[in-house]
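In the two assemblies presented below, chain A is common to both, partnered first by chain B and then by chain C.
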Partner chain A sequence: MQRIDSNEINERVFELTGYRRQDFSVCLGCKICASVCTVNDLALNVNPQDILLSLFMGMEVDKGHPLLKYCTNCYQCTNACPWGIRIPEVIRAVRENQGIETLFERVFKGSIRIWGRVYEPYIFLKTGLFLAREGYLKYMPKWTEYMSFHLPKKVKIKTGS
Partner chain B sequence: MKILIIGGGISGISAAKVALAKRHDVTILESQREPGGLMARIANCRVGFKTFFDEIREKKGLTVINDTSIERVERAGRGFSVGLDNGETLNVDRVIISAGLTPYDPVEYKGKRVVTSLEYDSIIDQRQGELPSDFHKVAFFLCVGSRSKEYPLCSSVCCSYTIREIKWTLQRAKPEITVFYNDLRFFGQEFFMERAFRDSGVRFVRANSRYFDEDEDGVTIRYFAGGGIKEERFNYAVLAIGLRPNPELKTLSSLFCFSLNEYGFVKEKSPLTTDAEGVFVSGGALEPMNIKDSILTGFGAGFLASRDIDAKDDMKHYENIIYREDPPDFDIPVADHKTYLFYLATDNPRYAYLYEYASSRFIDAARMMKMQKRNVYVVTRNMVTPSYGEMDYEQARREGIVFIHLEEDEQVFFDNGIFNIKGTGRDISILNPMVIRLDDYIEGLKDKEFLSLYRSEPQLRWSPTKWDRKRYHTGFIRHPRDKRWEERETLGAIGEIILNVAEERVLPQVNEERCSGCGSCKNSCPHEAIEIEFKQKQLAVFGPNLLTYIPVAHIKEDTCAGCGLCASTCPSDSISL
Partner chain C sequence: MEFAYYPGCSLTGSAKKFDKGIRRVFSILGHTLVDIPDWNCCGAFEYGDKRELMELSGENIRKARGISKDIIAPCPACSRNLKEANGDSTFNVYNPIELFSLDFLSGLNIKRDLKGQVFTPYYGCVLIRPKETAIPDTNVMEGFVKGLGGETVGEKIKDRCCGGSQFFINKWATERLSKMILDRSKGIILVFCPLCHMALTTFSNKERVVYFTDLLLYVAGERAHI
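Here is the complex of A and B:
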């Protein structure tokens, strides 16, 4: 990690979010975001507050940070955050700034380029290998549980114990 | 004069006490079935409230109207004509608003195993019978429903009552206790309690969580600490809920024409006075505060409301026994450093009461440095900015001061111009900062006689400013904290003096002929109110040695509480009550 002057650098990141720097710097450091983060379902030990802190301190965010790779923009952190800090926006801005594009973004864009809309079979085809390799699939039962939450009562699928 | 007190909580009763001591007619309006307020909802505080209230319950001039609310208010001359919902009309001269606070209700998290601290309090209440059979692991979560976007103030009491709930729990059972906190905002001697509980195995984790996976026999909690996500199962999770302004204050403000601030609390024109004439305010209607401060502001508002009838009852009258001191100057060393770093931490609970004072000073200094376009860091173990202090803290965060919150196991090192923070999962280094530590400022404050440090909690609660009968501490020297408290404390001290003067005491008398000056009474006195004096005595009528000095016990009337321990200890029965 490289230390640079915290006042100038990372301004671009905050600009890209579309919010003011102070909307993020109200962070209390309570780590509620980490407790609800869905990336932590994969046992990756991420703390979204890390990214904020390194931005405030004027440090380059580590390119290999798991959040940059895995964040799904689910906004669980923003929901739970006492200050409603929009962490997914920051992560997207950092990705943009560092030129990182996740597989999903690439595939979604590809799908739109070809069909003009999100075409699920294409997406599953393209990302299936990634999901299997990264261990996402063991959460399949949990996801069905999440999904079935929105189904009518009769169709509800029972999973787990 | 007739004084109306709205709200029969602890601060309303305190105000009534002072007004009754000045022989005014007092009417207390209570919306519930009986007085008590928030304090009486806590099982272990109920007795204290009852004892306090019983002292005035039978007094002449006191009327308590329960189960009532105000329908209409009209100004009648300099006073008010107040219509109640049962058709009664009261004519009063002065009004004290002590409507208190409302606890936040976290409906989105609550459940059978995730309980609020008030619900938990009734679980561990001895009068409710046995504890639940599975009571092995309990987790406490602080700052629920406060310090958020929706309600930015700190409730200033959650940490304190959590540490008391731990105490009451450990008195009955020995569960494993974990406290998840953002900052531990204790008051005075409570830091010693924290240290004692740490030593006896209570775990403190600097992290918070909203991941509560609850089922029939427990709750699974996920939290981030020590560089990793941890999942743990607890029998109960206790949410330390914040305190919000009473929604009734809105109605009262439109009835009595005083204004509220943006958070819903009463706006003070001058200390404990609203901007409507003849309307005073005390307790939780001002800001979130603990029982000690509620009593203190109650005394103050009681004094203000009963003032100006006899002209000699002016504030100058009391000035010689109210003791205050100006806080020492806080100088930041001026240097060319691009980076300033404030290190706010102390391991010694003896100096932890300075956190509150130091936090606000450090924030002020940090904001000043930030205005000069420097990089400012605040590395902190504990940021103590209760109630409105939280606003400054928020402002500082918005201005771009970087706060680094140290976790329990993290250590700091400063050498060769590099400030290093090391812990499991985190390694931060800050190059070439100008470091300002709390320790540098402790030196000058070591020898000061802070009342909050020398008095235990109950003593501070029932006599909030008394050092002894000739000296009442207010402001910085009572407890080092924000300036807005100084004037309130002075008013509270006057209320307390009025009560102390009106109090009837039985003082022990020493029979000096029989006293042998053995000193056993001096050793037994818990208030250090006895000293051994040497009295001159004539030995012989003629001769070279005419005079001698004999030791005799002397009772200091200012400090004596009239407990009678000396009379029962005296081996020669020379002290009587």
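Here is the complex of A and C:
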């Protein structure tokens, strides 16, 4: 009974990724994903299998799991996995399901909603306070080669066609 | 040959240099790049909803209709997303680096060699992962450099992650991952990704990070320096 109830927690995750619950039944816990995970280069001691197991068992993924915060989308896990499970995409779906969104992601998507493209000056403006507070401005001398100004162009996106 | 060209967001801004390099290399080689009209963002890695992401990228494939069946997208995140959205359709989506075989580049009219110079070719993540959208040859840059008498190092770090996608989120993570690559590099670091270029440059000490296209233009005599 508990499993049926808790499966509903993850229903949207499966919907978002296109995976089915049984697709994760093949994971036997070999931990090869953990052995190649970039996040472990940050000494965070993560095991991506935790997330697959939670989804398969119908349990809620731990909101504080470091992979939800630090996954770099490097796909090392996917390439190493005997089943090629796209763990970064599963993690992105779990984040979406749990409403986890950083300022950068919010502004990035905001730009796409407005112009259909990422307009970098807008991103810079909207995240300016964060960048100043977090000590990014000291890199400005190295960023001169990245600075160029152009006006935004609005393009249409006909999704769902 | 005529290609439909998808520059992507960063190549119109922070990676303008990469965009200019790509356009110039293809122009020298006698190919035409036709910009996909009103192309939109590919979605990068910011969407948890796979369908939403694929719709964004798929829309660009639709916009390429009538231009060419061969689409090129230089940014690895863009080429990956477009390749996946394309699936088995009649279009061919390429990251330009997979076209850069020695034969393809032979039309560059090489004016300089690279004897005595050391390079660290760095591919990063999404050019070579996941398998389904990876470039087939992960020694393109090495082959070119060695062919001109240069030396390459860094085989063990060329596919490690620079942490670029965490750059504006958890800076310390990107710094640590990028420094791991920088510390193990030698000579000029060659990249083919706007995000890798920015992350490695930002956290470099004296190491120089350049786009592979800059090297191509240097040996072709189009640039005074690499």
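The rule is short, and it goes like this: the second predicted complex is superposed on the first by the 93 of 161 C-alpha atoms of A that agree within 3 Å, B and C clash if a C-alpha of one lies under 4 Å from a C-alpha of the other, contacts with A are read in each partner's own complex, and residues count from 1 in each chain.
Methods note: contacts are C-beta pairs under 8 Å (C-beta built on N, C-alpha and C of every residue); 3 or more make two chains touch, one makes a residue touch a chain.
Here the structure is a predicted model, which means the values were calculated and not measured.
Undergrad: A:E60 contacts which: chain B (first), chain C (second), both, neither?
TA: Neither chain B nor chain C is touched by A:E60.
Undergrad: Using the touch definition from the top, say if A:K142 reaches chain B (first), chain C (second), both or neither.
TA: second
Undergrad: May I ask you to name which of chain B and chain C touches more residues of chain A?
TA: It is C that touches the greater number of chain A residues.
Undergrad: Can A:W83 be said to touch chain B (first), chain C (second), both, or neither?
TA: It touches chain B, and chain C stays clear.
Undergrad: For A:C30, is the partner it touches chain B (first), chain C (second), both, or none of the two (neither)?
TA: So A:C30 only meets chain B here.
Undergrad: For A:R21, using the defined touch cut-off, is the partner it touches chain B, chain C, both, or neither? Pick first, second, both or neither.
TA: first
Undergrad: Which partner chains sit in contact with A:N47 here, chain B, chain C, both or neither? Use first/second/both/neither.
TA: Touch status of A:N47: first partner only.
Undergrad: Once the two structures are fitted together, what part of chain A is touched by chain B and by chain C alike?
TA: Residues common to the chain A contacts of chain C and of chain B are 84, listed in rising order.
Undergrad: Taking the touch rule as given, give the residues of chain A at its contact with chain B in the complex, in rising order.
TA: Contacts found on chain A: 3, 5-7, 21-22, 25-32, 34-36, 40, 43, 45-47, 53, 56-58, 80, 82-84.
Undergrad: Residues of chain A touching chain C in their complex?
TA: It is residues 16-18, 38, 41-42, 69-70, 72-76, 78-79, 84, 86, 88-89, 92-97, 102, 104-105, 108-109, 111-112, 116-121, 127, 131, 134-136, 139, 142-143, 145-148, 150, 155-161 of chain A that touch chain C.
Undergrad: In the complex formed with chain A, which residues of chain C make contact?
TA: Those in contact with chain A are residues 9-10, 12-17, 38-41, 43-52, 55-56, 59, 62, 125-126, 129-131, 160-161, 163-166, 168-171, 173, 176-177, 180, 198, 201-202, 204.
Undergrad: What residues of chain B sit close enough to touch chain A in their complex?
TA: Going through chain B, the ones touching chain A are 143, 147-149, 182, 207-211, 221-225, 227-229, 338, 373, 375, 377, 394, 397-400, 402-405, 425, 428, 430-431.
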